[in-house]
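Next come the structures, one after another.
In what follows, subunit A forms one complex with subunit B and a second complex with subunit C.
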Partner chain A sequence: MKRVLAILLGLSMLMMLMVGFVGPAAAADQSITVTATGNYLAFTFTGGNWTLASGGVISPNTNYYSNPLGEMTSPPNPVTDAECNHIVTNTGNVAVDVTVKWVDMAGTGSPWVNSDAGTNGSMVFGGKAQKSGTNWSSAIIAKNAATYNTLLSDLAAAGHTHVVFGFLSPTAFTDSNSKSGSITLTATEHV
Partner chain B sequence: MKKILVLGFLIGVLVVNMVSLWPVSTNAATSFTVGPMALYFSFDAGMQKSAMKSFEIIDQGLVVGNYTIGVEKYREFTPEEIAQGLKSADPSWVAAQPQTLMVAPGGKATVNVLVTIPDILGDGQYITYIKVSKGTDTEYVSVSIRTGSAVLEHKYAIDPGFYRLSAKGPGDRETSELLITVRNVGGARGRYLLTVRVPDNLEEGYIEGNPDWVQTIQPNVVLDSGQTGALSFKVVLPQTVADGKYALWIVVKDTDQDSSMQIEYATKLFLDVQYHHGVPWRTIWICVGVAVAIIGMLIGLVIWRKRKREKGPSYKIEQGGRR
Partner chain C sequence: MSMRGIIRACSIVITLLVIGVSLSPPIVMAADQNIAVSATPPSNPTVDSVSPASAKQNDIVGFIIGGSQLAGASSVSFGAGITVLDFTVDTDIQISGNLLVAYDAALGLRDVTVTNPLGSGSKSDAFTVLDGHIAGYDEAVAHNETLNWQTETSTVLVVVGSGTISSALYLQNPVPTAIPAESIKYYDVRCLNATGLTSLTVRLYYSAYDISDLTNPVPYFWNGSSWIACSNYTRHADYVEVYIDGTTTPTLNQLQGTHFGLGGVRPVPTIAELLVQTTIPIIFVAILVVFVIAVGMTQGLLAGAIAGALAILIGIPILSILVDMV
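So, the complex of A and B:
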């Protein structure tokens, strides 16, 4: 009986030793599992550049809109397609989310700095954006600093949406030079 | 005699003119350069009608250079070029400022080029050029103006939309090279740059990862229209990273976009890290196997003992020749 127990104990210890050796080896052999989804992200952003006041002088502390019906005409609540100069079209094969960034406006002399709050100040402007079908009063802030706000969520493949931008000019200008800055839309797959 | 005098006078005038027109400096053909030598403007069907870009004059002369800048009409296009949509731009659309300037030897100067197109202008690609002169030296900067549907250049696409990675143990620190495919489907050459940033928005259950965990391997690629290329990166996690579900954005942007309205893409990177609390499935299965083996052996032992009892004691009989 003792001999049998001894054999069983030995076998158990052997098994435990095997586990002891195999366990760490399994962890060392593992590699990061990679799963790639080959979806195709593509979109267009049409409507062209926006040159305020057709390149003329703009007024301080004034709202301007990329509104084809009038650059100083506030889009209504809700915003209509006809009052949006730009169109975002999803030309990929998956739904996308789109965020918006509006950098500081630079030129000769000091830049106009984006307040990142939709407000203005001396040499500080506010940027906003909204999509058609939603209220301009709840327009999102187009910021210069990350992270950026979502302008479009779950835009279906082959779908499109009209968008409009708003610019609140600085309360004061310290030089007479023209400034320019880009608005960038970033598309990601809607997961 | 009179004829000789007139001829001598004319020769004298010619000599004086030649001398006066002779360049003061030793202006060779390489006395200055301009760059870029081509400026591209795009106007689509929107409200934008004007845009400004610039080029540089880099002086390579020995004395101060006096430059004049003017806009001139491009040559007439051939019927084949016209069929391709090429048209001659009206020089009045293009204004270069300043029109004259002086540049010190070896110095640089910037010339701004403002293009303003008429309210009604058909689709197409309009060409003109800016002539930069210094004495007898001349360089040209071409101005290409795309209008209407022709302007959807810088169209591009990427895939995949996301990567999901899982690190289940301290050994899972580094991935192999991960690719993002870029397709230039626009009409212009694009320079594509890969950068990493924290997400603008997070999926439920995820927190921001650290952009330092991503190492770019191929951070940029230049593609002509119709070409496909790849950018690449790998993930290297620090030993100290806490368990969790992290997200990062791998951003791809065509840096040649010159419009004030630009686009970019981001491939989402999801990282599921379970260094400390997760148990690998293989270890779990081995433990289960060992437990089953031990239980089996114990059951076998019980059965063996039971049978042994049923059989009764066995004795070893020894027999001897003498008592």
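So, the complex of A and C:
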């Protein structure tokens, strides 16, 4: 009978521990230290916003570049750092791939639609991007619709790359209102 | 194991379980960065300058327009009576092209207008049409008849069929390109709508003064870029007759402000003519020299000097007359 009571008492205490109650004098704790580091993605993007023609009027059917040496100057083959207005720096702790997206340019009146092909048309513009060290002639298309093209692949942690964008203006405009949009760079862990 | 030992073991297991849950690492799946892009499209064009500032009736001239926001221009206008034949948008601030001023365009100032998809821009009184019919000008609605305008425009036109025919006379070459011959005279013959015409025979008259010493006059017509010899023509005493129909050069349909020019050939002297031209003066001078020497030897030095002076005074005019005669 005593042994049966002892077993019942032990089971009762175990159940109490499982619901988080332990009597102060019921047990002694042991602690261990476990260290773990999570994958952290972050990057910076310098160069500021891009106001074409310095806020003046752009010409139809004309290429513009975010090129510090001249907005009408096509970057060479290969593109050099000096002709890239923007720098992408990986401030995370893992290598990343960076894709580029360029939304339609909107404002009062009709928007300028991204052709998603790098070409232009009436009220349709083309967007391109390229990184330093590669030919502008093979610049990737900055699309509005998924799937987005990869601008940078396997950018190492703490690494950086200069990038430049190209804008092919519409061939014709139906209004003279200013339009604005945004270019979005998205970094994902390089697999 | 005692009951106390069992309890302690269970407590460690539970604690480790709790710690394990709290160690899940923070994972960021993606990070974004944006830059804003903005741009302003062109609005109405502006016209600041036009060159040249004028042209004559019947002229085809090149022009250059300066302004702003000219890119994308869809039309260029110089006003009534002026046809813009072609134009090119060179840059956002310049357009170049060619225009034709109608033979009957009203004289005076014109506004020059450029239109792009967003609107139009003009410069008032930027271009002037000048009188291009310097000497004479005639126009008539003709039907199977002969238009005798020899007095006014030095032309006679034999019209077969029906059409509105006009003719003018220029005092000089109306285009900057020289005719491929010694020029004699310039005319204008026009029939803007040749639908009812079967043929047109144009007699281009000239005077002895016009042709001077030129021979073999050839009629040319201006095709807009160069002088082309007419294909069907005959020469007469004081005119050249040019026959024009749908198959000739020019054709009736090319009589759209067409300039005609007569060119001649300056004759090359024959060997006999060259000998006569050179021999007679030499013989004349030789006679004078012999005369002076003979007088000097027979009558003395003073008489010889006087004879020489007389030979120069009288001989030079006579020699000039002889040269002109031969």
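Quick notes
Everything that follows uses one rule, which is that the second predicted complex is superposed on the first by the 154 of 191 C-alpha atoms of A that agree within 3 Å, B and C clash if a C-alpha of one lies under 4 Å from a C-alpha of the other, contacts with A are read in each partner's own complex, and residues count from 1 in each chain.
Please note the rule applied: a residue touches a chain if its C-beta (ideal position, glycine included) is under 8 Å from a C-beta of that chain, and two chains touch if they have at least 3 such contacts.
Because the structure is a prediction, the values reported are computed rather than measured.
In the superposed pair of complexes, A:Val34 makes contact with subunit B and with subunit C alike. In the superposition on chain A, A:Gly126 makes contact with neither subunit B nor subunit C.
In the superposed model, A:Tyr148 makes contact with subunit B only, not with subunit C. Looking at the shared chain after the overlay, A:Lys179 reaches subunit C, while subunit B stays out of its contact range.
In the superposition on chain A, A:Phe43 makes contact with both subunit B and subunit C.
Judged by the touch definition given at the top, the superposed model places A:Pro75 against neither subunit B nor subunit C. By the touch criterion stated above, A:Pro170 is placed in contact with subunit C alone, subunit B being left untouched. In the superposition on chain A, contact of A:Pro60 is made with subunit C only, not with subunit B. When the two complexes are laid over each other on chain A, subunit A has residues 18, 22, 26-32, 34, 36-45, 47-51, 55, 86, 92, 178, 180-189 in contact with both subunit B and subunit C.
Here subunit A touches subunit C in the complex through residues 6, 9-10, 13-14, 17-18, 22, 26-32, 34, 36-45, 47-53, 55-62, 64, 86, 88, 92, 96, 102, 105, 165, 167, 169-189, going by the rule given at the top. Put simply, subunit C touches subunit A in their complex at residues 3, 6-8, 10-12, 14-16, 19-20, 23, 25-44, 69, 71-72, 92, 117-118. Listed in rising order, the residues of subunit B touching subunit A in the complex are 42-52, 116, 151-152, 155-172, 174-176, 178, 183, 185, 197-201, 203, 235, 249, 251, 253, 257, 259-268, 280, 282-283, 286-287, 290, 293-294, 297-298, 301, 304-305.
Those residues of subunit A lying in contact with subunit B across their complex are 1, 4-5, 8, 11-12, 15-16, 18-19, 22-23, 26-51, 54-55, 66, 68, 71, 85-86, 91-92, 94, 97, 99, 146-150, 178, 180-189, 191.
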